[in-house]
Amino acid sequence: MHERAYQLFEAQQTERGIDVQQVKEKIKALAIETPSWGYGDSGTRFKVFKKVGVPRDPFEKISDAAVVHRLTGACPSVAIHIPWDKVDDYDKLSKHAKELGVRIGGVNPNVFQEEEYMLGSITNADPVIRRKATNHLLECVDIAKAVNSDIVSLWIADGTNYPGQGDIRKRKHWLHESFAEVYQALPDDMRMLIEYKFFEPGFYHTDLADWGMAYNVANQLGPKAQVLVDTGHHPQGTNVEHIVAYLLDEQKLGGFHFNSRKYADDDLIVGTSNPYELFLIFYQIIDALQDADAGVRQTAENIAYMIDQSHAIEPKIPAMIRSILNVQTQYAKALLIDLNKVRKAQEAQDVLAAEQAVREAFEFDVNPLLQTIREEMGLPLNPMQAYLDSSYPEQILERGIGGASW
Amino acid sequence: MHERAYQLFEAQQTERGIDVQQVKEKIKALAIETPSWGYGDSGTRFKVFKKVGVPRDPFEKISDAAVVHRLTGACPSVAIHIPWDKVDDYDKLSKHAKELGVRIGGVNPNVFQEEEYMLGSITNADPVIRRKATNHLLECVDIAKAVNSDIVSLWIADGTNYPGQGDIRKRKHWLHESFAEVYQALPDDMRMLIEYKFFEPGFYHTDLADWGMAYNVANQLGPKAQVLVDTGHHPQGTNVEHIVAYLLDEQKLGGFHFNSRKYADDDLIVGTSNPYELFLIFYQIIDALQDADAGVRQTAENIAYMIDQSHAIEPKIPAMIRSILNVQTQYAKALLIDLNKVRKAQEAQDVLAAEQAVREAFEFDVNPLLQTIREEMGLPLNPMQAYLDSSYPEQILERGIGGASW
Amino acid sequence: MHERAYQLFEAQQTERGIDVQQVKEKIKALAIETPSWGYGDSGTRFKVFKKVGVPRDPFEKISDAAVVHRLTGACPSVAIHIPWDKVDDYDKLSKHAKELGVRIGGVNPNVFQEEEYMLGSITNADPVIRRKATNHLLECVDIAKAVNSDIVSLWIADGTNYPGQGDIRKRKHWLHESFAEVYQALPDDMRMLIEYKFFEPGFYHTDLADWGMAYNVANQLGPKAQVLVDTGHHPQGTNVEHIVAYLLDEQKLGGFHFNSRKYADDDLIVGTSNPYELFLIFYQIIDALQDADAGVRQTAENIAYMIDQSHAIEPKIPAMIRSILNVQTQYAKALLIDLNKVRKAQEAQDVLAAEQAVREAFEFDVNPLLQTIREEMGLPLNPMQAYLDSSYPEQILERGIGGASW
Amino acid sequence: MHERAYQLFEAQQTERGIDVQQVKEKIKALAIETPSWGYGDSGTRFKVFKKVGVPRDPFEKISDAAVVHRLTGACPSVAIHIPWDKVDDYDKLSKHAKELGVRIGGVNPNVFQEEEYMLGSITNADPVIRRKATNHLLECVDIAKAVNSDIVSLWIADGTNYPGQGDIRKRKHWLHESFAEVYQALPDDMRMLIEYKFFEPGFYHTDLADWGMAYNVANQLGPKAQVLVDTGHHPQGTNVEHIVAYLLDEQKLGGFHFNSRKYADDDLIVGTSNPYELFLIFYQIIDALQDADAGVRQTAENIAYMIDQSHAIEPKIPAMIRSILNVQTQYAKALLIDLNKVRKAQEAQDVLAAEQAVREAFEFDVNPLLQTIREEMGLPLNPMQAYLDSSYPEQILERGIGGASW
């Protein structure tokens, strides 16, 4: 039935003036990086639930990520987290990835899980700890070179819990100094993406609390520093797509960490809480791809799309497949927006028509389209079912319980 | 200098028509329960920082709690958490407490840290797991009897992460059924306090999400079931003191878990984030103590005040002492409200005068009062300094690292 | 093309086991009340923008509402607001409605726009003002009788701006007393729906702040008192569908005020901010319609669906049509949920399958279905276009500027 | 008794190492601007309550502001809003102010109360409207020159209500263009302060949504453009003092609009909702006044403190007096922080000691200090009582009802 459904879809969209061929090409080209840590155990502060079959080392994590890519065709790279994914031989790790059809993507330092970092890493009042933390960031630049990655992705978990606990301005200076040193170490073709977070684990203040702080330091550093938007890192009621549009316009949007949330930084499967928000984010990106300014267009083209979730209660690989399908769905819908119609309504100041021109695209069923694309790419029509029907779920059971976790 | 300060304070308050003697008696009578788990290691989902000197078993936790009581005179009981504080011989534990000048207070079951509870405990779709969870609640009633406690304090961490994951109405029924069974098991002089929480660890829905759900089930159960208000378990912008006043009026306020927060359930030291809120909570309680209805007055008199914090980065015992001092400070200030003045302004519909009549009490410095009270009770004037100057901080170092945690 | 699309839709759904005929009947039976005040000028506190063609009196408001019903077939009744819609002869107003194919629905008292109500209406410290306000509520019961309506819908805007300003417990008692008097006056077949609101216009506390307070008073009054859920009246992060399910289970959900919001009580067109939330609300209702308990089923069947928006910048009638279409869309999608599939996955504790079973229904394009239904009902396929193409928009221009507003 | 209290206070603070003389001088030097519109009627979207005695024109507003200054000694300037305060002869207005002992301060344009601005002013898709709006901003620069003011304070109420309604990036460009034109028109000694707001009246997006957007445009414009922080314009859970510290460090904090709120932009009397927040804001400012960088110190010295409230239910002049007293109280407390002690604890990484070093200052009763200062300045000890006892409240009754409102 999906062929018939697709034919109808194509006819409908063509009638609307949508170039379906182009839409298909764009969807095929969408690459979403999955995180190595998304395949390990995770949890809340109350409990990390242990699952059988979770990968025991970086090599197994990449194997799992490769399965997701094989089934979806959309995840050619895998982000790694250091020291969780520290290995003696990065060449070997890269080769392992390559053999499985993927490559290593963003390198993520970890400056929040050692005892010394309790009161801050690169913003710690103790210069010895700051030095150690910055050295770790520099090490990650080296690892990125070693694995041929062009992205170092920085989440600094620093913050304070109480008024007065830290000197806010001094900590800002220390953070800028550390980042400046990292920036200097970047090769020409490498970008550092700077993530911000409204709260947690610092509850009173986080040193990089919002896009404005991430943007400001990126701006002061130079063109190789950009902002990374984690969709769960904002206060309630934030218009995330506005921030996306703003950063695109300033040519400072570097990438995304996709996930979803209802209240705090829940790190749930992307697209499950408010799918319309994801659609509206893609609308801003697609609109920017047609900007008059080549710099804006180029920024939009180079966005690094990454999943960053902590699915604690679901089986890991299926949860990742679901995430990828959800991103594809909203991206596909956003590509169906008739941007000319939207713009005409905006110019005519027709509020209802403009709103409707955006939302009508959201109402289409893009499953026939996505299935057809998968068929054309030689992928299973239903990647989730294909995974469940495969031998992989059983195969990994031999790993036992107590694999990698964070 | 504090004598001179106290003399002035007494003169000032007497002039305002405040019965300082009565205020002093009330402050001396304020009992705040500290939680055994507040003396162990804790953290965020990102990291539990390990401290040297943390108690290694329930006996040592009670020893620490007894030190806090010895220094503040305000913490005669200690809440326990089962199975964290499970022992073979509860009589021995009770005696240990008694010898140290304290007693065991509220018994808190734990239905969130076993693998079976991943998708719910008493609301789990699997009847075997529900049975196990209810049995654990019943066990806690038995333990409460064994330790001569009159409170079982129930936080059910059940919830779901996604729309559709659970059958919301069925889960409600299961929860009510389980609670009914527990209620039946309560001896006449024991209360069950029902805690609610807006989010976490369930991110899509928590089965007891707000005071209304806790109140409704308590109401259906009977007079021995009451609501427990954790000050950090509300959505942003909530008027917590309104809920307190409402529950008092319905004679269903059973107790508090005190802590503070800025964004989510941060579990910081009570009174550090918005001390005025704590003051306003006490204002409602003190006002209810003068209610025309004896039932309301009695409810207010029987409130169980408990600390429930997760101070992850501070030394444990000092953090607890600070919490107690902060609660005393706000309680003392609230006792300085001239309620007649407030009520007259309310009746005269004088908004500014009514607001000012409440807030002027908040502006007084109650340190001289609290110091004088401590002097009269034979306590150190500055319990924090007395602790730091004592041999206890050094003494506990021999416990080493890696004590109890949650 | 919509016939072809509908054929495909029917085939798809039949294959999924959905009884499309039944779905169509249910959608045809969905009645959504529009509010008379939704046709007048409105705005924010900063500015009410005046539009040409806005109705000048209650008769013209009903005429506009009748147009919306004529085009959508879904809005057979019109809510009125007293005194905004006060007329000398309610019989005449009812006949006017009847002639235009609609009837008068819920009667809404207004106790917030007279100078006396500045510090409260039925909770005012002044008994004379309380009497006046209660009398107005009773007058609305009489008006409801006069217009043959069976619903009085109560939003009490009372609250305070400052701590201490009002006596929270006394105000609660006064509110309960007033409602008890109204309840006594209700004829057997009339319901009073009690609305709650988290904030505004009272900024410190609102006397009916949440569903729990509305539920509690409704419970104490009796079966003719129920709770009304306004989708915009909750704190950020609230799971509204949970409250819906909870109230259904307690047989206390009386109706809805639909609208949407991003931050506060924005009163935007329903379904424009987070359409998935509306879908999930309908999921809970449809699920409850199959409950084992006849009382729960009956409650779900008798829900009063009402629009309550303040679309300040859009043309009024088109904004209302859009609202109706959005509600129909999400209701139709929710009817496509395979409830058996959901329940099986819930029982099997398969988190991903259960979530997906709910969300897959959201992904279908229900436009072909809705168009076919309209065709079968003799309605325009596209009610919005039909309106814009009609002579009505021009016709109302003769009303000039400066019509009704709130 | 206050002399005795002050003597004790002085002794206590001197013992703590605080230079009381310096504290007194700083408090005496604190100037807080009151807004002309704060003396007129205001309300919520539901109702503007009309009060007897409200000023009928700009001259009477300034008279009222002068009374507040006469009683508090802290409000030497009055902000004006154009066109609300438009007069034919600004020289006459300035002289009127001078005669009464005050002067005209910040000039605030109004680009939200004309029909043309419904869909935006300087970001409107229509260039004619943008031109009109920018001309109004330029007019305000001229008025500022005419009244010898050095501040133009810009709140642009532009935003959209729905996704797709406006072109976010284009609107950003239009806003920047308009501001650039205004910047060019500024004389050397005039600053433009750029205000941001998270929501309202635009509910989907506001064009200047947060400090980051205001900062970015100010940065691109140059040193005469700075950010204005309205304490009520942030999402829930925001650490406002962090933003303050950040902007100070970047030398871009220009001023404040003080008020308080519990949920949205409630515009209540400053210091009534969470007084500790105001204290913590002043702590950051006072700390920055000792910064090593002269630019940071100078920025902190030049902050323009302004009240911006919409007290709808209170008598106007008393509400303003209360606001001033509340700001003085928190400023005075912040001046009692022993900054050396805080910094030592920060350096020693002693979390509890650092928090306590800040909060202990908040606990002091500064009333004796403020009363002594008033005595020394020849002001009434209790400005509120002095006002109520004066003939002014009765005198203004002759103005009748229906004065200025917004």
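For reference, chains read A, B, C and D in written order, and residue numbers begin at 1 within each chain.
One rule holds in what follows: a residue touches a chain if its C-beta (ideal position, glycine included) is under 8 Å from a C-beta of that chain, and two chains touch if they have at least 3 such contacts.
Nothing here was measured: the structure is a model prediction, and the numbers come from that model.
The minimal number of chain-to-chain contact steps leading from chain B to chain D is 1.
When the interfaces A-C and A-D are ranked by how many C-beta pairs touch across them, A-D comes first. Centroid to centroid, with C-alpha atoms defining each point, chain A and chain D lie 40 Å apart. Touching of two or more other chains is recorded for residues 119, 161-163, 198-199, 204, 235-237, 239, 262-263, 269, 272-273, 313, 351, 355-356, 359 of chain A. Only residues 119, 125-126, 161-169, 172-173, 198-199, 204-205, 209-213, 215-216, 235-239, 241-242, 245-246, 248-250, 280, 283-284, 287-288, 291, 296, 342-343, 345-347, 349, 351, 354-359 of chain B touch chain C when the two sit together in their complex.
Across the interface of their complex, chain B is touched by residues 1, 4-5, 8, 11-12, 15, 236-237, 239, 262-263, 269, 272-277, 313-315, 318-319, 322, 329, 351-352, 355-356, 359, 362-367, 384 of chain D. Considering their complex, residues 43-47, 49-50, 112-113, 115, 117-119, 157, 161-163, 198-201, 203-204, 235-236, 261-264, 266, 268-269, 272-273, 310, 312-313, 406 of chain C touch chain D.
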